[in-house]
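Letters A, B, C and D mark the chains as written, and numbering starts fresh at 1 in each.
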């Protein structure tokens, strides 16, 4: 199987879905000739033309709102937010509209859009090019939210999102774009929305997370295995709304110790819900308090290198926390 | 047809391409909207329903809009005062009554949403919400879809004068301007946004904003439904022939309180309201039809009887109808048939 | 002490703070002559004039954004969102701006605004006049969020919010406006932001929540006491950002059983964070799994009466859940 | 002063009320901005810093803006290309360099934010963020505060052509229009928003949008700094005398790529760029001063030496300066001195 970059997996998913279904189109700032500021849409306009790879005026509420209108009319828009930091102007369209169209019309109308938005730091982007806005949208029923950590999942989840009859926010991690490469089959496949994935089997502690930080956990797990014989069980949520309750409970039950990780700040993050689910369902199976290792509760990461490093999770921070929990 | 001939040539509606039947049909629809609206107010006052929001005196222009559109192909994004508009698009009084009573058979939302939140895929009326102006970019999106698919559809969206100050107005209009999309933006300027008179909402003319987006902006007297018909027809024509959007500002006045929850005399005088009540174009349009030989007092009496029957029947049906069963109250958060992607 | 309505407490707090500090002003839709759609600002324009009780055009992003500018210039704006359902157009201004001004400028600038927004249902408002949007703003460091349940707290917290040097979202409950009355002293006082309040002492189970549902808990607690001799300990968070960790842990430690309640939907709500804090810190003191009783995970409540009732918490639902937990 | 007399009466800058010294000072500031900007680009190419964003050829009009304002009383809300603007307001090259290197002493953000995110309470430069156009309602808020307090301050805010299509532009302008606030909205129309040429951003003229808000909108040639000075001065005058806002559209062109992360030849031709480089008004303005007898090649040589020294010094200082200690990296989420309300 070919090994490709995470960003190529995203581009390929769009390309293949656009070939498969003429209702699929991409819209966003600079997605056309430039191919997006990260080159995610590179070449697509050449292949599909200006209409299906549409440069939109610099106005995120319109990008979301126009996509929602087109989706209600039967199209399958992929709306790109240049950075997830810049999707907040579209909040009203996403939360008041996309999320509620099916429910408010008692199933008469639907809104099959995908909103792609790059999350995460570590690219010297500073406060407004590094954020993880998951918590803002997480508490809104009617939305689905996915956040892949591998190229394989990125492709399969994006295809699933495009084919999904409901609005899906696709949080792609910009640090993963070129750093993460893995095997991606040439054949068409989807990764089902709502299903977590065991990235690593282990029996000593469970790590649950999504997106980039899982790679630090995987690295830490290898070292802990080699250096201490500690085997971590690692679960990639992949979909954060709706959460895979069974997948979570199964993974926790395996070890009785759980560390939840994400780059989004701790308070009010996805990890809180994961912890709450466990505390609700599996309290008596726990051999240690539920730990969370997340971004600090500050507005966003600084751009200066020591500040950014101080903010971000990394292998060392993961290893320390995992070791401590294993030894609890 | 009928007693047509040379005289009819002089009638305004004929010159606009409206047949006598359609001109009369417009009147009937206006009156139906008026009577429905009045009934809604009564029902609220009688404690039968919690809430009513009125479009009284805005109906003539709303109906004119509807009649200028192509019901088979176009897309409609009304706002909450648009009873006249949605009635002209085929929604029935019974359906509206079901919505007023929030009953399960209400096609707009199965009684989930407040009255005035229209939506019917069958009638190409797009589901709407309460936060104002979100529908403006949606209309642009419907127009974009039509252009992409080569469909002959035009999207028409309405909103209030206050609502035109939301960012979504600007963004939705500008997007449509850039891509020259087949969409008509209609501001029903009734000179109030709840308690706030127009001068506290904006110092500009709303129609003038179109200039900044590079398409025509037209102000029209809402008390002249035939003129509204003309302006909307022409905008539709432009849209359908690839010449892009039009912004239309219909000048009207909100003669009722904002809704049954509002006491408008806290912020305006009865004199001001009465002045505008006097400009009601419904009797004027009726007189026009009478003068044109298309309408008579006998027909009027018959119409009133028919309308009362329709409203009574709708009311009775809706009042007795069931609420959506609570087992269904939480359905349709997501699609129930799992698609391939789920 | 005079017993007054919750809504009057809010109005009085604004009035007194405006008398005390000429930099305080109120801005929003219909706040002037009409006195707000709920009469919260009734009479204020008469007393303070059109400038200090300012009718703003129908544009929430501007209401927030202009208030933020004025706050940076040294004023103390109270920006009213007519319904919390309508504050989403202002999300970008609140999350990208208000929350980050002090941090991004390294303390050079600050943004002492208050954003008032009525939350909650039970008023036949349907999908868009009943929502609880707490979860959207909860995960954003830099904001403070308060949500009083009594007239006393409403007045004291609003005064604290107005005097606070940072942005505070004040979620007032519209169902409480006229339903909740309690003793409010005539003298000036504040309720400190960040401190929870024990509403009722008990030893059998702990209920933690905020805003309207606490009153159902109080009613249920009385009945449980009389009918079953079960004594509930009830904690009103009052401030939901920052949460009063000590207050929460103390309240849980008292009984070892905890039920968390709110009207906002369960998944991703404040309750998840409260549960996560407890699972992190007090796991071994728990005698039962951590329960949450919250709004269902649907976009919003229907307007039809059976649907609304089905959605909302009430005394009966609380009583059942509390009894079950007490007997666990 | 100097060799003043009757000849000087004919000079444009004199007619505008600009003294010879200020006219020369403007030039020096423009050149300082240019050289700083060029150095920023070099530093990025040399790998010394990660990122630079350029305002080259936009500086003459930026400086003219700054010179038209009252530094003691006014409020300044610049956007990321405004090196010329902030230098004219008193920010130093050393401070800008500290920001480029993201060092702890950077007064804008202590090296937390990207370069180009200006802010200094001392200089009345309001802290800015990356999401575009949020500063427009802020400017309206500063103007509102000035009006409420009876202070003689005018707020001036800049933003790009692309950014003028955000809802916040519309909402911020309209609010200021209704309340006739002392604020100047300046669009630096450099005809691109990253890769998107103006015609993909809007079909209207941005200055025309003012009409819809009921205040003047003026388009001005950015390559004519004296004309920019005049237009901004007049707008300031209007604002200060209670006549409300003005929207100014400065026509310019972005001659560099969007930023050092962008390759502009993917979406436009070198010929197009070169054409506009040829219109650079910096040498033109210099020639104007020379012709007016206010500037000479000797002075130019000296200026270049001075500027090089300033930039070298700033660069050296900033390169060596310390980053904000990580112990402080998370401070100031909230006020540290608990106020009474905490």
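Just so we're on the same page, a residue touches a chain if its C-beta (ideal position, glycine included) is under 8 Å from a C-beta of that chain, and two chains touch if they have at least 3 such contacts.
Keep in mind it's a predicted model, so treat the numbers as computed, not measured.
More inter-chain C-beta contacts link the pair A-B than the other of A-B and B-C. Each chain's centre was taken as the mean of its CA atoms, and the one lying most distant from chain A is B.
Between chain B and chain D, the centres computed from C-alpha atoms are 46 Å apart. Per-chain Cα centroids separate chain C from chain D by 41 Å. Centroid to centroid, with C-alpha atoms defining each point, chain B and chain C lie 37 Å apart. Each of the following residues of chain C touches two or more other chains: 57, 59, 61-62, 85, 88-89, 92, 96, 100, 103-104, 127-128, 141-142, 297-299. Contact of a single residue of chain B with at least two other chains is seen at positions 112-113, 117, 129, 131, 165-168, 170-171, 174, 178, 200-202, 324, 333.
Those residues of chain B that touch chain A in the shared complex are 75, 107-110, 112-113, 117, 119-121, 126-127, 129, 131, 134, 136-149, 155, 167-168, 170-172, 174-175, 178-179, 324, 331-337, 339-342. Contact residues of chain B toward chain C in the complex are 50-51, 102-104, 111-114, 117, 129-132, 162-163, 165-168, 193-196, 200-202, 261-262, 266-267, 323-326, 329-330, 333.
Chain contact summary for the complex, chain C toward chain D: residues 25, 51-52, 54, 56-57, 59, 61-62, 64-75, 77, 89, 92-93, 96-97, 100-110, 141-142, 144, 159-166, 190, 192-194. Touching chain B in their complex are the following residues of chain C: 29-30, 32-35, 37, 55, 57-62, 85-86, 88-89, 124-129, 296-299, 302-307, 310-311.
Put simply, chain D touches chain B in their complex at residues 165-171, 174, 177-178, 180, 199-206, 208-209, 211-215.
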